[in-house]
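Labels A, B, C, D, E and F are assigned to the chains in the order they are written; within every chain, residues are numbered from 1.
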Amino acid sequence: MRPSGRAPDALRPVSIQTGFARHAEGSALIRMGGTEVLCAASVETRVPPFLRGKGQGWVTAEYGMLPRATHSRGHREAAKGKQSGRTQEIQRLIARSLRAVTDLKALGEISITVDCDVLNADGGTRCAAITGAWVALRLALEKLVRDGTLAALPLKGQVAAVSCGLTAEGAVLDLDYDEDSTAAADANFVLTAEGGIVEIQGTAEKDPFTEDQFNALMRLARTGTAELFRIQAATIEQVTRA
Amino acid sequence: MRPSGRAPDALRPVSIQTGFARHAEGSALIRMGGTEVLCAASVETRVPPFLRGKGQGWVTAEYGMLPRATHSRGHREAAKGKQSGRTQEIQRLIARSLRAVTDLKALGEISITVDCDVLNADGGTRCAAITGAWVALRLALEKLVRDGTLAALPLKGQVAAVSCGLTAEGAVLDLDYDEDSTAAADANFVLTAEGGIVEIQGTAEKDPFTEDQFNALMRLARTGTAELFRIQAATIEQVTRA
Amino acid sequence: MRPSGRAPDALRPVSIQTGFARHAEGSALIRMGGTEVLCAASVETRVPPFLRGKGQGWVTAEYGMLPRATHSRGHREAAKGKQSGRTQEIQRLIARSLRAVTDLKALGEISITVDCDVLNADGGTRCAAITGAWVALRLALEKLVRDGTLAALPLKGQVAAVSCGLTAEGAVLDLDYDEDSTAAADANFVLTAEGGIVEIQGTAEKDPFTEDQFNALMRLARTGTAELFRIQAATIEQVTRA
Amino acid sequence: MRPSGRAPDALRPVSIQTGFARHAEGSALIRMGGTEVLCAASVETRVPPFLRGKGQGWVTAEYGMLPRATHSRGHREAAKGKQSGRTQEIQRLIARSLRAVTDLKALGEISITVDCDVLNADGGTRCAAITGAWVALRLALEKLVRDGTLAALPLKGQVAAVSCGLTAEGAVLDLDYDEDSTAAADANFVLTAEGGIVEIQGTAEKDPFTEDQFNALMRLARTGTAELFRIQAATIEQVTRA
Amino acid sequence: MRPSGRAPDALRPVSIQTGFARHAEGSALIRMGGTEVLCAASVETRVPPFLRGKGQGWVTAEYGMLPRATHSRGHREAAKGKQSGRTQEIQRLIARSLRAVTDLKALGEISITVDCDVLNADGGTRCAAITGAWVALRLALEKLVRDGTLAALPLKGQVAAVSCGLTAEGAVLDLDYDEDSTAAADANFVLTAEGGIVEIQGTAEKDPFTEDQFNALMRLARTGTAELFRIQAATIEQVTRA
Amino acid sequence: MRPSGRAPDALRPVSIQTGFARHAEGSALIRMGGTEVLCAASVETRVPPFLRGKGQGWVTAEYGMLPRATHSRGHREAAKGKQSGRTQEIQRLIARSLRAVTDLKALGEISITVDCDVLNADGGTRCAAITGAWVALRLALEKLVRDGTLAALPLKGQVAAVSCGLTAEGAVLDLDYDEDSTAAADANFVLTAEGGIVEIQGTAEKDPFTEDQFNALMRLARTGTAELFRIQAATIEQVTRA
C-alpha cells in the first residue's frame, strides 16, 4: 500500500486553472496533489541573437521555486546569486519538451518564454511544470492566432510528463515527495498524445535497475500521461468555449 | 475621477487568504485589486551570527517578483545573478517594519524569515507585502505559542502599509499601476494600529511637493490603514476560531 | 546636552572644497563634522539605452565608502563582488534627488554621473553626499554652459539634505555616528531652497513614533537645510568669481 | 553508410592511458575517436558538511572543457564567471553514475572528486568521461586499499556509458560530433557490467521517437558498453600487474 | 625635454600627509604630482585561516581607484561585481612589498590591511601606493608599540617604489600619465633604504629593450627612491615628535 | 647540489609536441620536467571593440590550471565563479609577451587567442606557457600565410621565458616546485632570440636581494632561453618540413 493510499497506477488529483497570471499571454496553475506550479507564457516579437534572420521562432523556459515551497525553507536563488545545477537542468528539460512539439518555422520570428514557478512542492515539480507549460504555451499561441499574428497554431503535438519510480510497493506512478525521497529509482517520461517519446530520464538512486523494471515504469507513464492529455484537452476546450 | 472610478480615499478591494503556502508556519496571500503577494513565514531555531548568544531573536524578509507578474516580462533575478537595488530596498523595508512591532527579546533565539513573492503586480506591491507579511508573521508566532515554544505572543503592535500619491485628481489613496506610473509624487506609509509611524518614504517623481500636500497624503494613509487593520484582525480571528 | 555639545538645532561645522577631483567636470569635497564625502560629476555626451532618441538627458549617481572610512574596517565592495543593499538604496536616493531639480529636457542627450565616495564617515553620509553632489552637478553644468554646449543652466532648483532624529535629548538636527546608532528614530529630508520636498525617509529604529515627533524633525530639517543652501550658494559664488 | 564508415554498432577506436595526471591518486586519459577526456580522481579524508558524522563517504565529479577543445573556440567558464547549465548537468550525471556503483558506507569518511576535463571534443564527451572516471576512481580506491586505509575495494560494480542515436542511417552506436549535431534523437546509457541500468537520458532533438526506436538504441548500448567494460578491465589489469 | 619640463632624473613634487583617514591606526595621503593615493592601515587581532596557530602575523593590501580619479570616468568595480586583473595585480604587489620588510614572527597573531585608494591619478599610482603604504604601516605599528601590544617595531626595513621608463627623451624617472601612455618600456622598482631589491617589474610596451637600457632605469630608480626614503623618514619623524 | 641533481644552469628536460589540440589553428604541448602546458591558438577574423576600424589585429591569452594539476587538488575556477588574481596576472603576462613580438599592424583585423592550460604542474608554469604559446602562435600565423589570408608572417621576433631563483645552492635556473616554494627570491625573464628583454619580474620572497644577485639571475636566464629558442626553432622546422 502506498503512503497516500493510491493504487500503483493512480495519479494524484490533478487540476489546471488558467488565467492566474493576469498579464501573461497564456497561463496555467497546475496542481498535482500537493504540488502547485504556476506556468506563464510570455510572447516577444523577436528572437535570440543566434536565430536572427533565420525566419524561425524560439520557445524557452525558466524554472524557479519559491523559498518556502518546500518542507524546510530553501535559499532564494536570486539572493545566492546563481541558479543551482538542478534548476538549470529542469528549465532546459521543460524548454526541450515544448520545442519538440512546436513548429518553430511556422512560429516565425517570435519568442515564447514559459516561466514555471513552483508555489508548493510535493514531488514531481518538473513533470507538473511541463504539463502545465504546454497549456500555457497553447493558450499563448491561440491568442496569436486570434489576433491575426499567426494564421494557424504552430503546434505539432500535445506533450505531458509524469514521474514513475521503484518503491517498496514496486513500480508506481506519480511519486509524491515521500515516495520520491526513498525510491530506489525514478524516471521522468515526457510523452506526446500522439504516442511519441520526447524525453526519458531514468536514474538509479541506489542500486542499478533492470530493463524489465524500466519497462514497467514506461507502461505506468503511458497510463498516467493518457489521463494528463485528457485533462489538458478539457482545460483548453473550456477556455476556448468561454 | 480616478481611472478606476474609485473615490480619492478608497482602497482597492482587499482580501487575505491564509494557508496558501502549505509548508510555511504562517502564510497569507494578500490581494489588493490586481496586486497579489504571497507572504510565507518560516521559523528557524537559530539566529544570524551577529546575534548569537545575545538572547534575542530576529525577523527578516525577502522579496521577489515572478518574471511575468508585470505587464511585460521582466528578468528573473536568479538568472541575472543578482537582486536589483529596488528588490533589496523593498525587502529591507519589509523587515524593518516587522521588527518595529516585534519584541525580539521575548522571541528568544529564533529567526523568522518572511518571504514576500509577488504573483501579480498592479502597483503597491511593497505595501501589500508588509500588510500580508504581518499576518504571516502573526500566524507563525501563534503557532510557536500553541506548540509551547513561546509563552506569549512577542508582538508589540499591528502594522500595515499603504501608498498614497499626488495625481491629476489630487491626493489619492492606494495607487494602482496606472496612477503610480504617472503620479507627481508618491509616498509609502507604514503605520501601526496603535497610532504610531514606523516608516515614511515620500518621493517627488517630478517636481518637489509641499508640506501641505504631504500632510494630505498622511491623512489618506491613516484612513487606508484603518481599513487594513480591520481586515488583518478579521483574518486572524477567522483562523483562530477555525 | 548632546554628546557633541551642540544645540538641538545646530549643524556640525560644514565646509565645501571644490576642484578636489582634478579631472571631473565638477567636484565638491564636503565635510560635515567628521564626515567627508568626495562628489565628482562626470559628463558624457550620450544617454542610457532606455532614453536614446528621446531628446532628453539623464543624471545618475554612484555611492561608495572607503573600507576604512569607518570605526572598524568594512569589506571592500569591489572585493566582495557586489554592492550592499544599503549602498544601492543610497545611490538611488542621491540620483532621484538630483533629477528632481534638473530639467532633463533642457539638458539634451547628455548624461551626468555623480560619484559620491565617503572618505571619512561619522554619520549622515547620504545627506552630505546629496548636498555635495548638487554643488558638483552645478559646477559641471556651468562648464557645459561656459563651453557653449548648453545655452542655459538646466537646473530647476537647489537641493540639500540633512538627517534629524529622536534621541535622549529629544528631536535633534544632523546626527553624528554616536547619535545615529542610538537614536529611537531618524529621518532624512531632501529639500529645495525654493521650499519644496524632494524626498522624506523616516524610520523608527526602535518603537514607532508620533506625527508630532515627525513634525518636529521636519522643522529642524528646514532650519538645517536653510544653512546648507547658504553654504552651497557661497561655494558656487566663490568658484564663479574666481 | 555512416560518415565515418563505421558499422551501425561499431564504437570508435577506444584507448585508456593511466597515470597522465601525475599527482592524482588515480587518473585515466580516455580517447574515443577524436574525443579525449582526462579523468583525475582526488582523495580527501573528510566529507562534505551534510555527511559529517554519518560514517559514510562521498564521490563527486566536476566537468570542464578546454576552450579550444571544440571546432570553434568557446568561452572559458572561469572567465565568464559561471558554469553553464550543460556543464552542471553533465557533472551531476557523472557523479550519480559513480555513486551508483560505490559502497559509500564501506568507503568511510573519505571524499573522492573525479575531475573530467575534455582536451579534445568530437561528440560523446559525457559518456567518455563516465567510462574514464570509473577507471580513475577504481585506481584511487585500489591505492587506498594498498596503503591500508581501506580493507577492501568499496565498489559494487563496473560502470560505463555510451551514446546512441537515430540518424539518417537508422539507430547507430557512439555518435561522433557530425552525427550528434544532426541526429533526430540521441540517448546516453549508463550501464553496469553486471547488467543493470544506472541512468538513461533519451532526447528527441527534432520529432518524438517511438518505443521501438528507443529499444533499438538500448540494444546498441548493451553492445557498446560490453566492449567498454572489456577495455576498462584490461586497463585495470595492466596497471595492477605493473 | 620632458613634457613636464622635469630633468630626466627628477621626481615630481612629493608630499605625504598623515592622519587623513581619521579612524585608521595609521594613514598617509601621498601626492606625487597629480597622483594622490590615500593609504590607510587597519589592525585586527586575528590572522587569516591559513596562519592560525602558527604564531605569526600577516600584512595585506587592497587597492582601488575612484571612478573619476582618471581623465575619463572608469567603471566602479563594486558596481561591475569584480576587481579587474590590473587591480588584483597591484594589490598583490603592494602586499608583497610590505611583507618583505615586516618581521611577521615579531608581529605575532595580528593582521594589518593597508587600503590604498587612488583619489586622483596621473601615472605611477602603484608606486605611490607602496611608498605611502609603508608610512601608514609604520604608523600603525608604532601605535601598537605605544599601546603596549608590541614590544618593538616588527620592521626589517624601509620600502619605497618608483617607476622609470624609456621615452623619446631616453630613460626618465617617475613617469606621469602622458609619459606612461607613450613610453616604449616602463619598469617599477620596489627598493629598500638598506640597498635591497624587493620587486622589479619591467615591461616592453612596444619593442623589447636592452640590458643597458634596463640598467639605466635601475640607476634612476636608486636616485628616486633615495629621495622618497628621505621624505618618508621626515614624515615619520614629524609625526613622532608631535 | 639541487634536489633534482641538476647543475645550477641546467634546464629540466624540455619537449614540445605540436598538434595536440586538434581543432586549434596552432597548438603546442610543452613539457618542462613535470610541468606540462597545452597551448592552443585560435584565430578569429574580428577584433575587440576598442580596436574596431583601426586596421590592426590583437593577440591575447587565457590561462588555466586543471584542478588536479597540482599536488593537492585546487578549486576549479569555473565552479568558484572567478579567476584568481594569480591567474589574471599570468594571462596578462603571456599576452603582453606575445604582443611584444607580433606586428599587430601587419596582422590586420584578426584576433588570436592563445589558451594555456596547465595539465601537470611542477613549477614554472607561466614561463612554460609563454614558451609554448609562441610556438602555437607561430603555427597559427603560418597557417594564415599558407591559406593566403596574410602575405607574410607578422612576427617581429621569437620569445621564450624561464624562471631563475636564489636557493640554498645559490642562483639556479628553471626552478621546479620544490625549489620555487623555498627560494629566497625568484624572477621570471621573458627574452627574445634577438637579445631583447620583453618582461622581467623579480620578487623577494623573503628578504630583499642585491643587484649582483639579480644580475646573476639575468645571466642564467640568457643561458636558459638560448636553449629554449633552439628547441622552439627545431619544433617549427620539423612541422614545416612535414
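The working rule: a contact is a pair of C-beta atoms (placed from the backbone, for glycine too) under 8 Å apart; a residue touches a chain by one contact, two chains touch by 3 or more.
Just so you know, these numbers come straight off a predicted model, no measurement behind them.
Taking the definition of touch as given, a chain qualifies here only if it contacts subunit A and subunit C alike; those chains are B. With contact taken as defined at the outset, subunit C and subunit F are each touched by E.
More than half of the residue-numbered contact pairs at D-F reappear in one of the options B-C, A-B or A-D, namely A-B.
Inter-chain centre distance (subunit C to subunit E, centres taken as mean C-alpha positions): 32 Å. For this pair, subunit E with subunit F, the centres built from the Cα atoms lie 28 Å apart.
Distance between subunit A and subunit F, defined via averaged C-alpha coordinates, is recorded as 51 Å. For subunit D, residues touching at least two other chains, in rising order: 81-83. Ring order, beginning with subunit D and continuing to subunit F: D, F, E, C, B, A.
Only residues 20-24, 27, 34, 38, 40, 42, 44, 62, 64, 66-73, 76-83, 87, 113, 115, 117, 119-121 of subunit E touch subunit C when the two sit together in their complex. Partner subunit C is touched in their complex by these residues of subunit B: 82-86, 88-89, 91-92, 96, 100-101, 156-157, 187, 191-192, 194-204, 206-211, 214, 218.
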